[in-house]
Each structure stands twice: as C-alpha cells, then as structure tokens.
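Letters A, B and C mark the chains as written, and numbering starts fresh at 1 in each.
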C-alpha cells in the first residue's frame, strides 16, 4: 500500500511543530528544551571541569561525555529508570554528533558533561536530544564552530518523509510486511557536514541520497529556529 | 569530590535567628508553587511542580502484576526518585544513592499510610492479576526542598492518572479507559520543616537546606491525621519543637489545598 | 587542570589591535602593581565609607586613567575570553547578540579577536554572546558559562582541606587546587607549623591563581589585598558577568558600594564578597548585583541600577 497521506496530515518534507527554549535549568551552566511535537527533550551542560578518573584525561583536548536517558513514563510501556544498552549507544552516538562542533582543544584534561532527558517520546528522541544539547552547549558559552541540527528521515511505504513519528516507524504494508526505513541524521548546518548517521531498514542508494538532501533542508530550517531561540534568550528590563 | 560551594551558612543562620531570610521571606513562608498537569501523554498520570526555582516531574505508570501472597486482592505501588545529574552540580550519574532512596521512601509512606489509593479496587483477578502503580520522580532543578516538591507532584500525578485498557489479560498501552485511578478524597500533603540554627524554617532554598542541621517531614490528611514522619539530619528536636512542626504542617496543608484547590 | 584558553585559535590578531584592547583593559586595572599584572577586576572599598579597612588599602582603586602599564601587553590581552571586556557601556546602543557559526565580519580589513575565528574571507563567531568592535578588531563577549581559572585571576575560594604541603582551595565543582606553604603567606611558614593558625577549613580567601597546570591549579596569597575574608555575604554570579558588575573603571561596583554602604570584593570566579553594617545593606547590594547579572546586555545599565538603588533606599 503506498503511503500517500501522513498519519498526522503533515507534508512529506515537513517537521512536526518545533518548540525550543534555552535557560530552562537554573543550576546548569547551559540548558535547553527542544520538542518535535510530542517528542520532548531537555538538556543540561556542566563544565568544562577536570575529568575524573584521571586515566580518562586527554592532555591534548577535552572530552564531551553525554548521558541520554528517557524518563520511565516517556514511553507506553514503563522503562526501568537508569541507562540500558539502547541509552548507552544513543549517548555515544550523540557525543560523536556534537563533538565536531565544539572546539575541544581549548580544554585539555577536561570534560564537558551533557545530560539529556526525554520527557515524552514519539520517535525522534535522539534527534530532539541532539538539538537540545547543541543549544545547551552554545548556551553554556562553549566555543563552537557551528551548531548541530538533527532530524530523522525515512522511507515509509515507498515514500520519503522527514521527522518520523512512531506509527511511521512501525509502518507495515497490507501483507503485513514492515516497510519503514529510519535514518536519523545530524548536520553541522553552516558547514553542510554530517555528524550523525544511522539507518535501519531497506533503501536504494538513489533514495538514500534524496533522503539525505531532504534531511539537510530540514536541518537548515531547524538551524534557523535554534539561532532565533538563542538570540531571544534575553530578558527585558524590569 | 568537590561539590558546589555553599559559603553563606553562618550568614543564613545569623539572619534567621533574627527572623530574616536572604530572600526576604518569613521563616514559615513558602515560595510560589506552580503546577502543571499531564506533562507526558505516554504516562497514565503525570505532573510538574515548581516551588520557586525547584522543579520536579512525576509520572505514574500502571502495569499488571501478580499480587503478593499476603494480599492477593490488592494492587501494589512502587516509588522511585531519580536525582538527575541534569538538575544539580551536586548529583552524579549512577544508580540512586541513599539520599534518593530515603526521599522515595518518605514519599512512598505518605501515600501508602494515608491509604489514598484504594488498592482493593486495583485487583483485576484475585491472586492472579493486580495493578502495580509505579510513581517515578525526576528532579529537573534543585533549588532546595525537593522532598516536598516530589511528594506534591506525586499526589498531583496520581490525581490525573487513568487506568489503561486490558485485552486478553494484557495491558493495551496508549488506550486509556475513562476509569480514573481510585483515590480517596483526602489527599495527603507532605511538609518538611528544617531546623536552621535554633529556628524552624519552611521550604528552604538550596543554600538554606545546606545550612540546616535537621529536618522533620510530616505527611498528613485533614482534619487531623498524621500518617508518616521522618526525622533527618544530625541535630535533634525537642518535644516542643516537634509539636510546633506538626502545627506548621497542618497550616501548610490547609494553605496548599486551598491554593491548588485539591 | 589546564584550561588555558590562550592557546585557542580565537586569539590571532597581530600586535596592533591587541595592544589597543590591552589599553582598554588598563582603564580598570589597578594602580601601582603593574609588574605582576594582578587583579584587574578585584575591587575593594575606598575605606572612606566603611571601617573594615585593614588590608584593603593595599588593594588599589579601580579606574586610574593615568596608569599606563608597559611590558605586559601579552598579559593584558591574553586574558582572553574569560574576562570578556572592560565592561564599558555604550550609550543607547544594544549590541548584537550572535551565535556560534555566525559570520560577524567580512573581508580582510577586520581582525578576529576573542570569541571569533577567521575562515577564508569571513570572521565567524565561535561563541554565543555580544558582538563588539574595537576598531578593526572584532570580538564576541560571552555572557554565559562555567569559570575557567587563568593565571593571575583574583578569585574567592574556600579552604576545603589542610595537607602537610598546604591548603586545598576550592572554587566550586571540580575546580580546586593547592595553596602551598611557600605561597601561603607573606611571612615565612615553618615546615611543621600549625597551618590552622593561618587558615582553617571553611575559611574564605581572596587569593590569586598562581599557576594553571595540566591537572591542577596553584594559588598564592602573596600580593596586595590577598587575605582571609571576614564573614560576609557571598553572592554568586556568572563569571562572564564579572566585567559588567565591575563596570567601566569600577563605576558599577563603586556605585553599589556607595549606595548600599558595603565593602565589596569581586572574584573572577563569580564569587562576590559583600560586607555591610547589617544584613539589610548586604541584601541591597546583593539585589543590585543580581540585577546587573540578569540585565548585563541592557544599555545604560549604570543609570538604571542607580535608579533601582535610589528607589530601594527611598523605601526604607
């Protein structure tokens, strides 16, 4: 069955409603909230501070340590609190997605801690988390050559879509065969470079390059929202 | 390990002994409370509570479990607290430490002992299937008094919790029934009073909390039921002070119930 | 820990603009101790308004325009991103807020200063902050972030431990270091001396970052005004707001000191010590400092703070 109309009525190249805010956690050195519709992420940045244990220190450059977790009630079936294998992998790829944007050579032997917490999940939690974390890193005053903007693209029932929701990720053909390819992507949007890429499913090379172009276009729009969010983070005098 | 510094202990104590707080509140005056219902659509119930800059999010999830053998026709409950490293430079990643465990236990006993949840109604099939109510508390920003914020958010999340649908003895998540979680009308409110210097203080900021030598938590329902108490911290209370704390907790409970209309 | 930002590519300007920037730093540099380049931003009471003046006469006043230090240009300009700028105010002009990756100047006529980098023809901001021009030099003044120790920063720290080789001083979460016996006091300290006679655990010190090493920081108490602080109120602010709290030539901190009638010492790590005749004065100073921190991006801030203080005083 061809996928002709999206479950939530969006255009195929349209993201869900984006909400973003910085400075949401007073105690953190930098913090942000980012939501794609029902998928909501908060991120906090602490540091740079000296990395312990000492054997993990790198005398040439600093390190980003990311900690992604979902609230137990962010998903339908309760997730046990604390990190599982999935969470650890996402923490790891998020770290690598953010790293190229930050000038870490300024901070030898130090760590920048990034904590991401998912409040509510409807697919795309890692991409929302990366968008929040990128804002939080900038908000923490860290030197960065670019922001990081992230979105998932996919092929659903033969049709390319951006910012997939759960029903799309689980899309099945009439014969019951699963027909969803999910590709989370992150860009350094100014430089046009990819810092996160994962893929699950089945897609041709031509479709892949089309999907990535779609992702880039979408990330550029997210980038505009991120820039605006930072610039509007100032209070009026009262 | 170096934690955040709280160097104003003596200033706080000497000001409080003159009846003054650094944020100009009265000793028994709480900060502004803001509440938000339903912060996660995936939860059966959820709430966010802000007390001043302190913020917690609580979610309630329900799952079918086999009942305990000594109460085959009653549902069960589990409370967990995650003091997330996101919410304070003082918290480290990792499994809950004793501070989080004690906090979860205090919230648990306030709810359990006040019998606010009617566990009998949570029996699906005697001896076979009962509902387990998971109450999971996450700190978002710690500016003091996470305990009362957590207990309040837990109650508010329970209040909007709805029982999910069951099909063939399995839970169908995402499809909620119209049946609310069975709660008694008299919701318990937990109030913690801190002893700073010689004075009793309500709703401390994080700096004040660090300057406190002892605390006493009291969970009550109106008009006059005390359901759970817990003394914490190294210092002591006189019997007279305990009487005062209980009085303060009743006043506070009335105030919160009136303000939040619960 | 080595958090030296000077190595970063952010500082690529040639001598010219650097020196200009340095001269502007000079405006609020303390008088008379130029040789060591200490304590640009640490201020103390002018000892006319307040009694507790034993040590503070050693700390010189801000804003001596006549002082033109020489021979420490690198020092002054190298203070880098952390000290942001002289906290000067420009009338009726809100500086542009920029984000990392934003092109802030085009063409080779401009030189990239702190918080920026060159990329081909363009100068790019690498920070979230306020855009500023110093002639041809373009820089971005950060407004948020954690404190990173830099050599010769005057900071306020807490003694958290005493070891045989000296005192452990903490500046906050995972920023701590050692105050050795050799640097612990202007007087000679015997090897087996009772160190608590000098400073005990819990004492607050105005101290100087003596060295930033790969894994630790060393402090020194040798220098004017460095001392154990009496009990006062510690106000914590974001370290990047410190230049604004000091103001041009100390104008802001002096205004607050005068109106609130308090003695104030500003540490580069964002710890500010306030001591007045009563807690009410200290809280007034605290409120003013917090206001400067929250609205550091607003033009004409000194006037607004002056109004705020006058009104608060009037209500009493």
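Note that in this section contacts are C-beta pairs under 8 Å (C-beta built on N, C-alpha and C of every residue); 3 or more make two chains touch, one makes a residue touch a chain.
Just so it is clear, the model here is predicted, and its values are computed rather than measured.
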Result of counting contacting C-beta pairs for A-B and B-C, higher pair: A-B
Furthest chain, CA centroid comparison against chain C: B
Averaged-CA centre spacing for the pair chain C and chain A, given as whole angstrom: 36
Geometric centre distance via CA averages, chain C-chain B, whole Å: 41
Chain centre separation (chain A, chain B; CA means) in Å: 32
Multi-chain contact sites of chain A, meaning residues that touch two or more partners: 46, 52
In chain B, residues with contacts to at least two other chains: 1, 89
Where chain C touches two or more other chains at once, by residue number: 173-175
Chain C contact footprint on chain B (complex, rising order): 1-5, 7-8, 10-11, 14-15, 18, 20, 22, 24, 89-90
Chain C contact footprint on chain A (complex, rising order): 29-30, 46-50, 52, 54, 57, 59, 101, 103, 105-110, 138-147, 188-190, 226-227, 230-231, 233-235, 237
Complex contacts: residues of chain A adjacent to chain B: 25-28, 31, 38, 40, 42-44, 46, 52, 67, 69, 71-78, 81-82, 113, 115, 117, 119-122
Residues of chain C that touch chain B when the two form their complex: 158, 160, 170-176, 204, 231-234, 271, 279, 282-283, 286
Contact set on chain C toward chain A in their complex: 1-3, 5, 7-10, 81, 97, 99-102, 115, 117, 124, 126-129, 142-146, 148, 173-175, 214-215, 240, 294-295, 297-298, 304
